[in-house]
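Before any comments, here is the structure.
Labels run A, B and C following the written order; every chain starts at residue 1.
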């Protein structure tokens, strides 16, 4: 069925002017086709003998359908009417002329500088076109792509991000001006909320209505403002109940568990150096972060000091068989969850890291399984990326220990009688004095420190 | 433009052979376009020049590479006669970057500034003002150039036609107005559009020499065009040729042709410009059937190659969509 | 007179000096339009130029807008630098096909081959009781078209300096001269020359609200700003100068400072240039706003003849002040 007009999609055969066996020459009219506009005579573009009429009178078929088969004069092989051939091969593509280049460009050279800059800007190189030689991506292409993405959300700090945490408020174009939606501003005025004390969860840290509601002064239940969305209210309510649950647990822990604390400093030179070498060989998405090694070391140490890995129940300590490492995850808008990485001591570093990332993501989006929340045998809290040097936490009952890591920071260290600068991290342990004594706790930190001197074995 | 003479033949005979070849090239190209359009490979609008070949080829013989051409959407014939490479015109039909307009224009917007071919205009009458502007520039700079402007009988109804005829005569501009009167403006016959259908007479009323020419006879067209161009170059101001011709196919690709009788088409086909010249040449023993066949086959081969090249050529990347909205740099 | 000495002059005279300057420096330049020669120009801009440059370069045309605008395009195609004068924007509608389908389109459609370095000058605007068909402000319409550039000189410096830069541009440039500006008095230095045609200008710095306008309404807007100053509202006034492309940065920098925007546009409100600017401020400076953007535009009526009705239909200082008060709250 030929294309007989720019907007023709289908046609109806009104009349055949030939039958099988007839000889036709190029240009002979062989059929009459009815379109929406009118009846049109169509010609043959090939010469030969009609072998078969494929569409009957009265039938409506789409453009590109074979109408008739014409055998070439030599009579050797049948050839469909040329009007149909090409259209058959590419019917819909030609209906809307589009470039034949694929949506994702073929692999092309990317310089390390460009790769690095793309990572800084948070741009996936596979999604932008390059205008440099051989289609390579240039710095200008990156800046253009970045401009298109703005204002995207700032990258969320993960629990174990090596980069220093970004504050949720990015300065707007006016120096020091915070981003507040008009609605939030009005609501804050109505409720008497000080915007300076509100954490924003909107794009690029903007303060939205929900954030203002969460920050309402305690004990004040404001009448819902006219424009409050139902979804926002339930999020606020959810946060409220989580806070209460945490409050109950922490209070119980401090009431029932006699905490003791020990701390140490671990030299991270070997870890950082090993990481640097290791990461150079890996794809960006596969690269390891220091937190993965800290967690692995904590799990392995717990295997070597099993008295800290288990539960205090019914006046006795029950050691756990495996190390299910709880990881404290802070939630946006306040709140805390501690999902567990199962069998952390047995995982490869890469695996450990991806499990950790997965847990953090699902924790933040409320998609954890209940088993993940209850199975932890020992918990790690890593507040280094929040900027504190050391943390003394509260144990999660019925566990008996909480390991803390602070910030990996360069400090002056005496090595071999000389003062040098080394990356170090403060390691702390809060432990249940009913289950263990200071000696055990100290041993744990000692083992932990040793493990961190042999990163290749982690 | 001169081409190599056939071996041993007197120059006029070689020239006629060349004219025949040019017309046949256009004819075969347009035939191919019918096929390709029906197969859905060329899209949009295609306006065929079949039957009018003598006009483009004949007028083109009168102008030089220094002169300018402004055309309409029915421009394949003008473009090929002007010398735009076959490959670049076919690629343009396919919308590929190797097309003469980088694939952006399609059938109705062929441009080749290097050959002073200024398109390709989809608005009836839209090219006339451009042509007088080009002629104005030439005149201001004292150039001895001519601008040949093609348009159809339909354009005579547009206000721009009258404005431009007046302006060209008023300012004595070196324009050759070539009105291709094929008796129909899409589906409207000339006598239903114009109270006075003698177009040469109408043009003359603006104060310029104007006469009608048998547009099916390439030698007559050539003769008239040469005379007009000579007069223009000598300072005679704009001239108007009414080229009486006929299109054998519909306005664009297919239309129901409810506006004219089949018998009328058949009558005009008896004066097919390609056949007319071929017959004359056969009669004077300048051409044999075998020659003609070989000529046609060679052209078909070249056209098939152009189609293959067009299919294989790249399309413009989408990222380049906004290039050439503005100029990238000063000129 | 040395370069830095100033002389008293008018907008009209500055524009004339710009045309003369261009004709002298570049013999590809010529002026073409209705009554530009013998008559001296409908608004007397080209008075005297015919005697100085002759009828070939100061070319009177018949009343054939489509033909002579198209001729300007053709001449530009062929390498000249024509200045086409369309008497007023009201008559440009007759040449809209040539402007839209040829001037704006040839470069892209030909794959980059056909440059159209053409300048079209048009008088625009209302205020002289010349009624519905002679009072349009269609700058906003033209800014809709990709492929052309649109300027609105509102000061003597810009009247003197934008034309040369526009003539050097490889693409078509439309220059809109508001009819009320021709008699505007001021002074220019003797060496006043070409100015840029890309950036907006802050004509009055302020901190409380950004008043954004162009062309004929600049003086009204500045007057409104003076009134507001009396009420302790410090208004910043931005003269857009280039309407296509718009200088987004100057606009958003200003809004970042003041947090409030009022756009003053003589065109009809619906689908206006003011609407475009408002959308851009929303897209680019939403977080800096303390109030919705305000628009003070022409009333959506065909311009009536009586003076009081015409004044009511045009954006006036009172309406601007009221809009600012709403924005400041």
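In the analysis below, a contact is a pair of C-beta atoms (placed from the backbone, for glycine too) under 8 Å apart; a residue touches a chain by one contact, two chains touch by 3 or more.
From a predicted model like this one, the values you see are computed outputs, not experimental measurements.
A summary of chain positions shows that the Cα centroid lying nearest the centre of all protein Cα atoms is that of chain C. For the criterion of most C-beta pairs in contact, the winning chain pair is B-C. Across the assembly, the mean Cα position most removed from that of subunit B is the one of A. Each chain gets one centre point, the mean of its Cα atoms, and the points for subunit B and subunit C are 41 Å apart.
One simple way to say how far apart two chains are is to compare their mean CA positions; for subunit A and subunit C this gives 49 Å. We define each chain's centre as the mean of its Cα atoms; on that basis subunit A and subunit B are separated by 60 Å.
Of all residues in subunit C, those touching subunit A in their complex are 252-253, 256-257, 285, 287-290. Across the complex, subunit C is touched by residues 68, 70, 97, 99-105, 109, 111-113, 118-123, 126, 128-138, 140-141, 159-160, 163-164, 166-167, 170, 323-327, 329-331 of subunit B. Of all the residues in subunit B, the ones that touch subunit A in their complex are 34-41, 43-45, 95, 253-256, 258, 314-319.
Interface residues of subunit A, counted against subunit B in their complex, comprise 2-6, 37-40, 42-43, 45, 63-64, 82-87, 90-91, 94-95, 97-101, 129, 131. Residues of subunit C that touch subunit B in their complex: 30, 56, 61-62, 64, 66-80, 82, 97-98, 101-102, 106-115, 117, 146-147, 149, 168-171.
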